[in-house]
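You will see two complexes here that share subunit A, one where it goes with subunit B and one where it goes with subunit C.
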Partner chain A sequence: MADRILKKEDLGRLIASVNAKGGQFIAPALDARQVVFKPVTKAEEVVTDYIVARNSYKELVFPQTEVVADFTIGKHGVDLKGRDVAPQETIVFGARPCEAVSLSSLRAIFTWDYIDEFYTKREDALVVITVACTKADDVCFCTTVELSPETKTGSDIYLKETESGDYIVEAVTDKGRAFIEKHASAFSEGSAKAKALFIPEKIGTIDLKKISARLKDKSHYDDQVWGRLTRKCIGCGACTFVCPTCHCFDITDEGTAFAGERRKNWDACQFDTFTLHASGHNPRHYQYQRWRNRFMCKFNYYPEKFASKGCVGCGRCIRVCPVRLDITEVMEEFSK
Partner chain B sequence: MSNNIYLPHLVTIEDIYEEAPDVRSFRLVFKDKALRESFDFKTGQFGLYSAFGLGESTFCIASAPTRKGYIQCTFRRSGRVTGGLSELSIGDTMGFRGPYGNFFPVDEWKGKNLVFIAGGIGLPPVRSVIWNCLDRREEFGDITVVYGARTVADLVYKNELQHWEDRNDVRLIQAVDPGGQTEDWKGKVGFVPTVLEEAAPKAENTVAVTCGPPIMIKFVLKALEKLGFSDDNVYTTLENKMKCGVGKCGRCNVGDIYVCKEGPVYTAAEVKRMYNDF
Partner chain C sequence: MEEILRKKAKELLESGEVKVVIGYGWNRQRTKTTPVFITDAAEADRLVWNPLCVNNLSVYLTRKFKDIQALGKPAIVAKGCDIKNIVVLITEAQFKRDDVYIIGMTCEGTVYRQELWKGELKPEIMPTKCHNCDVRNPHLADFVVGEKSSFTPPETPTGMVFDKIKAIDAKDQAGKWAFWINEFSRCIKCYACRQVCSLCYCERCITEKNMPQWIETSAHPRGNLSWNLTRAMHLVGRCTFCGECERACPVNIPLNLVNQKMIQVVKDAFDFRSGYDEKTHPPMIVFSPDDKDNFIK
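Now for the complex of A and B:
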C-alpha cells in the first residue's frame, strides 16, 4: 500500500491552505537568531534542521498572558465582562514526540474538576504535527523518562522525514485525519524510505521507579542533598517558562484606576514571592525548597496525582539554565 | 463564554466593621438577586475577593452558613489588594469568587463537646464554625472558646466576644500576650497554648478546632495532645497563598496536597502526614 506523503515542495501549499481557511500555521523558524515556534506564512521560513525549538509550544494553549475579564470602574459601580476565547484553528508543525506528550499533562491540571476553558478551547483547536527526530544533542533524554522519538502520544499527525526531505505522514487521531482531509491537496501518495530515527541513549544510572519511591518517602524531604545539588540555582525561572509541562500562573489586574483587565500570566514556583504570605511567612523561603518543589512536581505530583508525565525529557531546562543546573544530575542522585 | 472559572461575582459592601487596627470586616451581598437567594456554602470554605484594578486575595468566609443572604470577610490591611479593599466604602462594589475548598464536618460533631482555639486574625475562620454551631446550639455539648491576641486592641469581633461572654452556654477564655494587657483587662495574660492548657478542656467526646499563626498552631497541637486529644479529633484550617483557588495556579500545595482543592480544613492527623512544606 502506498504511503501518504507530504513533499517538501508541498509544505508551502499546506501553509497556504491552512492560512486560506482561517488557521494559523506555527513552525520552527528563526527569531532573534534562534529556532522558535512562531507563526509562518511561507515554507522558506520553516527551519528543518533543529533539535527542539527553544520555546515550548505550550504558549499556544496556555499563553504567556491572557485576558480573562475586562472591567471599568465608574461612579455607579463596576462593569465586569468575562472574556470568551474563540481560538482559530492552530497547527503546530515540527513538534517533537517528547513534547507532544505534555499536552495531556497540562490538560489534567486545567480540567481538574474546574474546567479552564481558555485552555481546553485552545487545545481543542490545536493540531499537533510531530516530526520524529533523526538527530539529538547531548541534552536530549526522552528515553530516560520512558519516551522516545517513536512515541506518538499527543501527536495528531506523526511525520517521518525521508532521505529527500519529504515526510511520510501518519494520521494518529481523528483530528489529524480530519486535518489531512481538509487540506488534501497538499498531500500525495507514494512510497519513500524514512530516514533512521535517532534514539538517544538512556542515562543508565537513572531509574524513575527509584526516584518515585524516594520522593514518596517523606523522610528524604529534608535531605541535605537538595541544598547541595541545587544551591547554585539563582531562581530566574527560565526552566519553568521553556518547560512543556510547567503550568503555574498568577492572576493580576492591569490598567488604569478606571478601567483594566484581569489577566492570567505565567508565573514560576522558582520565584521568591511565589508562595510568600501577606504575614511575611514564606513556606518556601530558600531557593532549594523552591527547586525541590519543581522536582517533586515533575516526579511525584504529576505522575501520582494526575497520572501523567511531569518531565518529557526534552532537555530545554538544561539548555536554558544560566548556571548549568542539570535536572538529570538530580535524577541520578535520587536513583541511588 | 459558557463557563469562565476566573470571572468573579459582583458584590456590594453593605456594611463595614472596624475590628482592630488595620483589621476590618465587610458584610457583602451579591448584586445578582437570584444568586443572593441561592448562594450556599459550608463552614470552612474560602473565596477570592477582588479589589478591581488591584487583584484578588484569598480569605475564608467568616460568616456562618446558617446566616443567609450575605457573606462576611475579615482581613488585615497588609498588601496591595487588602490595601485597596481598605479604601472601599459602604455601597462600593467588589468581586467574589467561591465558595472553594472543603469544610469542617460539623454534622459529624452532633452530641460532642467543642473547643475552639484561635489566635489574632485566625479567629475569622473559626468564628464561622462557632456561629454555625451556636445557631444549632442544641445539637452540641459544651462549647469552649479560647481566643488570644497580641494586645487588647488586636482582639477582633469585640462585640461578639462580649456576646459570647454574656451567654451562659459558652465558656469564653480571652487572653492577650504578656505586655498586651490594659489596666482594666479582665481576661488572661499569656500565650494561647499555655492558656489552653490551664483551661484544660476535657478531651473525652470533644472536638477541637484551631486557627492562628503557624507557631501558635504548632504549640496548640502539642497542648491538645497533652490534654489527651487524639489527632483525629483536632481540626485546623491551613492558609496558603492562592491565586486561582481551583487547583491550577500551582502555589498553595503543601507537598502533594493542594490546599485549595483538598483543604483548607484538615485534621491534625492529616497535617502530620504532610510533607514538611509549610
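Now for the complex of A and C:
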C-alpha cells in the first residue's frame, strides 16, 4: 500500500493553502537565535533541525495574556462585558510527540469543574501536526514518564521524516483526516523509507510508581529532602512558562479608574506572591516549598485527579533553569 | 584548585566557623554545574571549580533566601565578578563584611552559557565581562584559591556588548525605540532576570504591588516595556555587569546592553563604578552638600 507523503517542496504549498483558507500556520522558526513556535508564511522559515522549540505551543490555546472582559465604572456601579473568543483555525506543525500529549492534560484542567471556553474553543480550532523525533539531547526524558517518540496521543497528524527530508503522513484523528482532505493538493502518494526514530534511554533509577506511592504518603511534606534538593531554586517562572502542562493564571484589571480590561495572565506557583494571603501569611513561605508544590502538582495531584499526565518529559524546564535545577534528580530521589 | 577549595571548605565546616558553604557542584550527568549548599564537612568533595561555574552565587546571600540564612553563617565560593555584588550588598547594609566568609577564586574566565562548553575555554565563548575583567584576582576575600592571574584588561573596554551599545547609540530616537520595543516584545514576564539578580533583593518588588498596580503584569508591549525599564532604573549605579539576568533570560533579551549603558552613564556622571569598595556608598543613596549639580540643593 502506498503511503501518504508530504514532500518537503510541498510544505510551502501546504502553508499557502492554510493561509489562503484563513488559517494561521505555526512552525518552529528562528527568533533571536532560538527555535520557537511562531507564525510562518513561507517554507524557508521553517526549521527542521531542532530538538524541541524553546516555547511550548500551549500559548496558542492558553495565551500568555488575554482580555476576558471589559469594564466601565459609572455612577451606578460597574458594567462588566465579557468577551467572546472566535479563534482562527491554527495549525501547529513540528510539535513533538511528548508535548502533543500535554493538550489532554490542559483540557482536563480547563474542563474540570468549569468549561473554560477561552481554552476549549481555541483547542477545537487547533490542528496538531507532530513530527517524530530523530534526535534528542541529554535532558529529554519522555521514555522515563512512559511516553516515546512513537506516542501518537494528542497528535491529529503524525509525521515521520524520511531520508530525503520528506514526511510520511499518518492521520490520527478525524480532525487530522479532515485537514488532509481540505488541503489535499499539498499531499501526494508514494513510498519512502522513514528515518530511524531516536528513543531516549529511560532513566533506570526513576520509578513513577514509587514516586507516586511516596508522594501519596504526605509524611514527606516537611522532609528535609525538599530543602536539600531544591533550595537553589531562585523562584522565577521560567520553568512553568515553558512547560507544556503548567496552566495557572491570574486575573488582573488594567486601565483607568473609570474603564479598563480584565485580563487573564499566566501565573506561576514558583512566585512568592502566588500563595500570599491578604493577611500577610504565606503557607509556602520558603522557595523549596513552592518547588515541592510544582513537583506534587505534576506527580501527585494531577495523576490523582485526571487520567492525563502532569509531566510529559520534554525537558524544557531543565534547559531553561538559570540554576540548572533538574526535575529528574528529584524524581530519582523519590524513586528510592 | 578544586582540592584546595574542598580542603578549605572542610576546615571551615569542621571548625564551625561557617555552617554552610555555598559553591558549585555537578549535575547528575556531570555536564553542567549547579549551585550546591554544603553543610556537612563529609560532603565537601562535591564542590567543583571549572569554567562552567557561571552562576553568581551571591544571590543566595540575600534576604530572599530565608531558609539559607537560617542555616547559619555562610562561606561563599566567589569569582571576582561575584565579589563585586557582595561588595554592593555590604554597602547597601544587607549584611556586614564579617557575616560572610568569602572564598575568592582566581579566574581565567567562564563560558557565556554552559551550553556553549565543548571542553575548552575559547575567547569566543566567553562573555564580554571576562574579556575586560580587572578582578581575576579576587579583590575582597578571606581566602584566595588559585595562582595569581597575570591578565591585564584592555585600556578601552572591548567586546560584543560595547560594539552593540555603540551601534544603538548611533541610531536616532525612533530607531532606538524600535530596537528595544522589538527586543522587549519577547518578554514572558517570568522574572528570571529579577530572581537571579543578587541586587534585586526587595521582598516585595514594585511589580507585585497591586493597590494600585504600578506596573502592568501582562506580557503586552506596554507591560513589558514598563517592567524592563523600571528594573533597569532600579539598578543604576548598583549593577556590576555580572550578566546573570541576560544569561537567565529564557528569551534572549540583551539585558547586558541596558546594564552596561547604565554603568557608562554613572561613570561619566559620578565617576563611580560599583562593586569595588565596600566602604563607599553608591551615588544614588548618598547626599553630599558638595554635589556639583545645583538642582538637588
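Operating definition for what follows: the second predicted complex is superposed on the first by the 333 of 336 C-alpha atoms of A that agree within 3 Å, B and C clash if a C-alpha of one lies under 4 Å from a C-alpha of the other, contacts with A are read in each partner's own complex, and residues count from 1 in each chain.
Going forward, contacts are C-beta pairs under 8 Å (C-beta built on N, C-alpha and C of every residue); 3 or more make two chains touch, one makes a residue touch a chain.
All of these numbers come straight from a predicted model, not from anything done at the bench.
Once the two complexes are overlaid on the shared chain, A:G12 sits clear of subunit B and of subunit C alike. Ranking subunit B and subunit C by residues of subunit A touched puts B first.
In the superposition on chain A, A:Y286 makes contact with subunit C only, while subunit B stays out of contact range. Once the two complexes are overlaid on the shared chain, A:T328 sits against subunit C while remaining clear of subunit B. In the superposition on chain A, A:T252 contacts both subunit B and subunit C.
Residue contacts after overlaying the shared chain place A:E304 against subunit B, while subunit C stays out of touching range.
With both structures placed on the common chain, the touch criterion links A:A69 to subunit B but leaves subunit C unconnected. Of the two partner chains, neither subunit B nor subunit C is touched by A:P39. Of the two partner chains placed by the overlay, only subunit C lies in contact with A:G237; subunit B stays clear of it. Of the residues of subunit A, those at positions 250, 252-253 touch subunit B in one of the two structures and subunit C in the other.
Within the complex formed with subunit B, the residues of subunit A that make contact are 68-69, 71, 73, 77-78, 80, 82-85, 109-110, 112-117, 218, 221-222, 247-253, 255-257, 260, 262, 264, 267, 269, 274-279, 281, 283-284, 289, 293, 296-297, 300-301, 304-305. Considering their complex, residues 27-29, 31-37, 55, 59-60, 64-68, 114, 183, 186, 188-192, 194-196, 208, 210, 213, 216-220, 223, 244, 247-248, 250-253 of subunit C touch subunit A. Interface residues of subunit B, counted against subunit A in their complex, comprise 1-8, 10, 12, 31, 50, 52-57, 76, 78-79, 82, 92-95, 213-214, 239-241, 243-244, 246-256, 261, 275-278. The touching residues of subunit A, counted against subunit C in their complex, run 31-34, 54, 64-65, 138, 227-228, 231-232, 234-238, 240-242, 250, 252-254, 263, 265-266, 268, 271, 273, 285-288, 320, 322-326, 328-329, 332.
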